[in-house]
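In the two complexes that follow, subunit A is the common piece, with subunit B as its partner first and subunit C second.
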Partner chain A sequence: MSRFQSTAKTYIRPMSGWWLKNPYFIRYMIREGSAVFLTLYALVLLAGLACLAWSPEAYAAWRGLLDTPLSLGFHVIALLLVAYHSLTWFQVMPKTAPKLPFDPRLIVRGGLAASAGLSLLILVLLWWVTR
Partner chain B sequence: MKGSNEPVFWSLFGAGGVLSALIGPVLILITGIAVPLGFLLPEDTLSHANVLAFVQHPLGKLALLTVIALFLFHGCHRMLHSLHDLGFRTGTRAAFGFYGFATLGTVMTALLLLIW
Partner chain C sequence: MPDATTRTIEIECFRYDPETDAKPRFQRYQVPFTDDMSVLQGLQYIKDHLDGSLTFRWSCRMAICGSCGKMINGVPQLSCHSFLRDYYPRRVRVEPLNHFPVIRDLVIDQSGFLDHLETVKPYLIPKEEQPLAAGPQRQTPLQMDRYYQYSQCINCLLCYSACPQFGLNPDFTGPAALALLHRYNADSRDQGWSARREVTNAEEGVWSCTLVGYCSEVCPKGVDPAHAINQNKVNSTLDYFGILKFLLPRGDAK
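Our next item is the complex of A and B:
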């Protein structure tokens, strides 16, 4: 920053709450909010890993924390927001692609189908391996 | 002239975006809701023995490091750019903070996984 303070009062457009005036921007901000929860979720996993490394008791404490209303509430919101991120991610995909020789909606449907298929695969695999 | 570092961070953001779009919801459902409540999956799915076996396997390590690192880089990149949308003047210092945080989390995960 300059040592010389400008005496001119430049108008700076206020930024607070601009996105609340239009449903499109509200949805945009909800999607951006998914990043906060995704980051926190990664930290929850990292904390679990650290507890696992520390001692079996610490790991049990981490699991105990996961079974609290606060944690369950956090994960329900995180699930909804990240699912919304997932939907928007695949919706944006055809818009960033060059002219497609097929219906761009196929990319959206394909992405969502891949997500659903992989999710089911992980659930079944986990159930089968640990049973 | 030194090139921009944006492509590197955008690639990590993009990779994290794809990974979290594909399996983010199911991972949150499994570790945060289903297993703690014992619904869909039994509660001992994430027992000490099971998770220990997972992190001892090279593929388990790779999966966990990939998920944590890419989720962190995706989340931090998006938060950095959202701050700008909210009217904060983000500069090099903010970028350093957010990407540094994601890098730190990644390094910590990698070091922890080396224990087993």
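Our next item is the complex of A and C:
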């Protein structure tokens, strides 16, 4: 029992729809929700790996599935959300670090630069392997 | 250029009278204002000239007592620290701070917060009590810098109104109390990690935070509760694995 609890009759406001009431909360929910798309994308990729191990026909079928408008649409949305996911998590990263002797924005910029650099490296490697 | 002319703005107030109302309602007032008037002064005009029954808290009028926090157009703010001119010609909607029970009109019941504040033991816990004769305990600027911003908290509760996790679960210790917990843990004169450990490590402690981050955005005193809480998720993990005790530079009071 609270030491400070008042005996006054109070009105408690409902929390329903709280995340729609402030743009900050909407952005937060998109950040959290983007993890669902990240997981789905990883599962699609994992299914491809499983098909590759299974048989050449299964792998060809999986690739066939990827070449549909539905799959392309999903991948475009997933790419945008994963980019947003990375951006927002790098932005909050300094909050998880102890007090730093340098500008915490360096962590954000460093993380974004590393992520952009690695993505570019993978694209170049893919181009080189498949040319 | 400051404008000395008087204009009229509409202020829409959340009204709730526990003796007569089952549910809250909104009431609109036409308030004349000049450029130097805060939202709090607008509310005071209503109380003095239009409707003496409107109830709200305030004291210092200069953003240091932390009494006059309200939801102003859906954003938690000190009403003495926000100005009517910035909303004109739109209407200003004033509600009591979110996530707290409403006692009457714009007055909330902050007893839940006071309970949480008490649990974090917001005072120095030294390993050995220093006698007064020992004189002042000196700190270097670096030592002071480690906790100074957290010590600026004025308990205005804007961060609690900005925290949906506290709204969904009032048992969450919450941003200001956890920022003050960190303020003392980070002080070179304090060795109280163990005394505050249970509150820190609990599910309702740092682990209820999902890093929404809005608490740090709305703080009128530049405190960063999200940073305090999330640093202590790392400390809590190190404590769980028994590593933290080797990392506490000043030892522990227990």
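By our rule, the second predicted complex is superposed on the first by the 115 of 131 C-alpha atoms of A that agree within 3 Å, B and C clash if a C-alpha of one lies under 4 Å from a C-alpha of the other, contacts with A are read in each partner's own complex, and residues count from 1 in each chain.
Keep this in mind: contacts are C-beta pairs under 8 Å (C-beta built on N, C-alpha and C of every residue); 3 or more make two chains touch, one makes a residue touch a chain.
Only a predicted model underlies this, so the values are computations on that prediction, with no experimental measurement involved.
Visitor: When the two structures are overlaid on chain A, which partner does A:Tyr24 contact: first (subunit B), second (subunit C), both, or neither?
Guide: Second partner only.
Visitor: Once chain A of both complexes is superposed, is A:Ala61 in touch with subunit B (first), subunit C (second), both, or neither?
Guide: neither
Visitor: Between subunit B and subunit C, point out the one touching more subunit A residues.
Guide: Greater contact footprint in residues on subunit A: B.
Visitor: Return first, second, both or neither, reflecting whether A:Met15 touches subunit B, subunit C, both chains, or no partner chain.
Guide: After superposing on A, A:Met15 lies in contact with both subunit B and subunit C.
Visitor: A:Tyr41 in the overlay: touching subunit B, subunit C, both, or neither? Say first, second, both or neither.
Guide: After superposing on A, A:Tyr41 lies in contact with subunit B but is clear of subunit C.
Visitor: Could you say whether A:Ala114 touches subunit B, subunit C, both of them, or neither, answering first, second, both or neither?
Guide: first
Visitor: Once chain A of both complexes is superposed, is A:Leu100 in touch with subunit B (first), subunit C (second), both, or neither?
Guide: The answer is neither, since A:Leu100 touches no partner chain.
Visitor: By the touch definition above, which subunit A residues appear in both interfaces, subunit B in one complex and subunit C in the other?
Guide: 15, 19, 32
Visitor: Which subunit A residues qualify as touching subunit C in the complex?
Guide: Checking each residue of subunit A against subunit C gives 2-6, 8-13, 15, 18-19, 21-22, 24-25, 28, 32, 92, 94-99.
Visitor: Given the complex with subunit A, which residues does subunit B contribute to the contact?
Guide: Per the touch definition, subunit B meets subunit A at residues 16-18, 20-33, 35-37, 40-42, 44-46, 48, 50-52, 55, 64, 67-68, 71-72, 74-79, 81-82, 85-87, 105, 108-109, 112-113, 115.
Visitor: Taking the complex as given, what residues does subunit C use to touch subunit A?
Guide: Residues in contact with subunit A: 16, 18, 21, 23-24, 74-75, 98-99, 101-103, 109, 111-112, 114-115, 118, 145-146, 164, 167-168, 210-214, 216-217, 224, 226-227, 230-231, 233-234.
Visitor: Which residues of subunit A touch subunit B in their complex?
Guide: Answer in residue numbers: 14-16, 19, 29, 32, 34-36, 38-39, 41-46, 48-50, 52-53, 56, 59-60, 63, 66-67, 71-72, 74-76, 78-79, 82-83, 85-86, 89-90, 111, 114-115, 118-119, 122-123, 126-127, 130.
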